[in-house]
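In the two assemblies presented below, chain A is common to both, partnered first by chain B and then by chain C.
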Partner chain A sequence: MSSGKNYKKVAYYPGCALEGTAQAYDRSTKEVGKALGLELEEVKNWNCCGAMEVKNIDPKIQTYLSSRVMSIAANEMGHDVVMAPCNGCYHNLKKAEYDLQNDQESRKVVDRISTKAGHDTYQAGQVETIHALDWIRDEIGEEGLRERTKGALKGLKVANYYGCMYTRPRHIFPEKDQGEGSESTLTPHFMDDLLAAAGAENVDFPLKTACCGGAHTLSDSDTSTLLVTNILKAAEASGAEVIATECPTCHSGLEMHQIRAEKNFGYKSNVKIVYFTQLLGLALGLKPKAVGLHENISNSTDLLREKGIA
Partner chain B sequence: MENVGTRLADLPDNFDASQKAGLMLEAGEQVLEFWNSAKGFEPTQSRKEGFRLLALHRQGAKGDPSFNACRETCRELVYHFNLVTMEPDHADTEKRVEMMRLVAMHLYLFVNGKMQVEGLGEFCCSSRGIRQEAG
Partner chain C sequence: MPIHEEHLIRPENLKTHENLVIDGVDVSGHWSTFIESRVVTDYNEAIEEEISSLPGGEFIHRCWQCGSCTNSCTVNAVNPEFNPRYWIYLIRMGMESELLRDRDIIWQCVSCNKCTYACPRDVMPEGVMKATAHWLELKGHTPKSPSTVFDEVFAGQVIETGKIEEGRVLRHFLKRTGQPMIQPWLVEMVKRMVFGLPLKMLIHLGLANIFRPRTSQWARARSAINEYVAEKEDEHQTALGLDDLVELAKQEVTSKSTPAGE
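After this line comes the complex of A and B, so read on.
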């Protein structure tokens, strides 16, 4: 649910994945923003959000790392909204916000390290962290998208896959589950809403928040491959031609394990994996290259051409 | 535990949709029984919202927030059970049975994976450091 803040110009925190494996997500997010008249100002000299590695060693260091990003946005750039398209970054900034609001020890650690590092200590509530889904849904809205896209995704059957970090754990997302207009942690729908507004046909997909085994993709690849294979099967059984993603970890996991599923388990699936921002960009009339369609491992170009979308 | 996966992969042809749904719900309960027993709990016989599966999930998540990674999966399983058994003659019943099978299969794969590598789902769902005690 919108906080009532203006999202027309927000601080942009791409995080490391969007500079690496998920360049297409970064590119398409920026291009969609431009096409919609929204402005992104990248957080200066940003650092890692703490991801999973730091958090597993010392969660308070992760809280500090995420707080530094928010401190720069608020205290050095004057922003009160940070938009993070990566589910991991979004999750970690939200978690840091929660910890700083509720845990005295976290506040002490963050203050100590911030002072040592020579920047203002982030105070809980200085910024609101939002996801790219909130950004577009709250600033442009479904009606706004409908007018701009004129049903361009018509005929495309989409399974919307949100992954795990966008909704869990519930307590770090106090704005969710607030009734009409707010996002649901049980059955998230913001991506469904946006793509439907652009004309897509969303299928009933019961595994939209199911674990893809992302964190164990290297240490226990077979478990991850089996989990992803089942997600791909469910998407296909639900009639989807495309899985829309909003998390770089999920996206690369689905792409990698789609290949591995065929190689190691003999399961071939034809469902394509595309960032939701790429689909929205195409619906807004952007060229496939502009939204980085060529940068995906999963080749959706032929399908989207056939449908008259790309 | 592997037997559950095999049974889900190969549902009996001579069962009708409601019988298949019952079998899959039972398979889900068995998966959670394995998990709860491994955690040292006597698997509960109680029900939550009318379903033992949901009570078993709640029991299994006690002290282990990462187990909430399959909370929605359990609820989807119950939802599909209701769809299939309350509207057995619906045009989509066959599809609903297949979706329920894939949801049950996810529960099996996730819990089976988590019993081998406990950290599965840790990063995403618990928001708690695995070495928190060291800090």
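After this line comes the complex of A and C, so read on.
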């Protein structure tokens, strides 16, 4: 375990997307946790972390928003680990942690707004923010998954797509790139490792950390469609049947622009888009409905049924 | 060719003569060596300082012009005109008119942070792109980009209620940018979504529009954030030398709104 902390019971920060377009990610994360005997306690009365937009109005407001979530988890609920499955939330909490550790000005602004808002100011180091990937990998491990899933995803060709916010910029992820056992920011592999442990065949996918244009998915849709088209093409060229995602923005971006590429540019692709937690859930014997497979826009049910997975 | 000479060989700066003989040599036609002479006289040395005063632009002075940012850039790969390294050069040199040529695409940075990852000098080019896009808007060189409108709609909702609801963000964004709600891809997406969804979920999605998700006891946080935003806006206005202009605009608005004879 990277930090030596216990991930058996952690504070859970779903974020706005997991209450909206990414309910399937929320559902499958919770179900997988239950199946693995891990406990999630949702952060009480949480707020939006600021996503990719608030920082463009002012980065320090984003730092405040993220710090409030961590403050509640630490000071009101007594947690020292916050698990965020959304790359955006995960990234912003990490960024806030970095800024509060290294920037006097950020500390001042956060303290000022926290005091006026009437809650304890978050102090750097009070919690460790982890991704759903860290949570499962560190607490259950590849060996643990291998025993529990018995290679259930055998025969499924997967392209693992991590997107931008999970690894960039490097300086906000001090625990990454620390040699064996740690995550790599250049070629991340935690999702590959987990799905391989569940029996999946990971294809050699060169665009693991390419950008889907998520920040401009609505304001500059054509660029986003172009970027997603590249990702879909690369996945298909690598022989993938599904793209596994671990970020709600990437996931809905891929789904939306897969349709848009077909409607607006005539590019049709057959690769399916699935949350990694949905695949793990199915591998653990959960029903397709339990992991929200029917809630995806990209319909992977037939493929997964054919493979004997769903 | 050095990056700063790039603009010299644009088609409009090349000389073409139908019949030109110099010292008995026929040099008619298209010659890239006969470049229109160009003297830059419109340096605006304040740009670098102004952009550094905006969030994200703080570290522009560190740039060494290595080009790692442009080399790694996601948008550059689909549009070679999108060139962060060149813009940083122009800003630091104060070459305003050359920078303004690209005013309509600078906002297209998708914040993938590949540049920030690659930069050996911690310039944080992603932040510089955002600061430059804001500078263009604040100075009135461009209207608010769709990206800025989206940021405002989004951030406005977060500050108002503590949370966002995606359907509402989408509707407000399309409305503010004057786009119809009925987009072919959106219709197709909703069709496929509805197809697989149980009624319970549809009702949930519908209700989210009526009962907006919100963080409770948010009022104090909201007013503290709003107060901070207002202060920052004033600061930026002063840093960009816009105080007089804003004052003038305010006076104009007040004089127009006061009925004649009073």
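The rule is short, and it goes like this: the second predicted complex is superposed on the first by the 309 of 310 C-alpha atoms of A that agree within 3 Å, B and C clash if a C-alpha of one lies under 4 Å from a C-alpha of the other, contacts with A are read in each partner's own complex, and residues count from 1 in each chain.
Definition applied: a residue touches a chain if its C-beta (ideal position, glycine included) is under 8 Å from a C-beta of that chain, and two chains touch if they have at least 3 such contacts.
Predicted model, so just to flag it, every value in this text is computed and none were measured.
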item: Three-chain arrangement built on chain A, chain B and chain C clash or fit; value: clash
item: Which of chain B and chain C A:255 touches, first, second, both or neither; value: second
item: Contacts of A:227 with chain B and chain C, given as first, second, both or neither; value: both
item: Touched partner set for A:168, first chain B, second chain C, both or neither; value: both
item: First (chain B), second (chain C), both or neither touched by A:58; value: both
item: Contacts of A:294 with chain B and chain C, given as first, second, both or neither; value: second
item: Touching partner for A:95 - first (chain B), second (chain C), both, neither; value: first
item: Partner chain in contact with A:207 - chain B first, chain C second, else both or neither; value: first
item: Of chain C and chain B, partner touching more chain A residues; value: C
item: Chain B and chain C footprints on chain A, overlapping residues; value: 52, 55-60, 164-165, 168-169, 210-211, 213-216, 219-220, 223, 226-227
item: Chain B-touching residues of chain A, taken from the complex the two chains share; value: 52, 55-60, 62, 91, 95, 163-165, 168-169, 172, 186-187, 204, 206-207, 209-211, 213-216, 219-220, 223, 226-227, 230-231, 233-234, 237-238
item: Chain B to chain A touching residues, read off their complex; value: 65, 68-70, 72-73, 75-76, 79-80, 95, 98-99, 102-103, 105-106, 109-110, 113, 116-117, 119-132, 134-135
item: Partner chain A, residues of chain C touching it in the complex; value: 55-56, 74-75, 78-79, 108, 110-114, 116-117, 124, 130, 134, 145-152, 154-155, 158-159, 162-167, 170, 173-174, 177, 184-185, 188-189, 192-193, 196-198, 201, 204-205, 208, 213, 215-218, 220-221, 223-225, 227-229, 232
item: Contact set on chain A toward chain C in their complex; value: 16-17, 19-21, 23, 45-48, 50-61, 64-65, 68, 109, 112-113, 116-118, 164-165, 167-170, 185, 210-211, 213-216, 218-220, 223-224, 226-227, 255-256, 259-260, 263-264, 294-297, 299
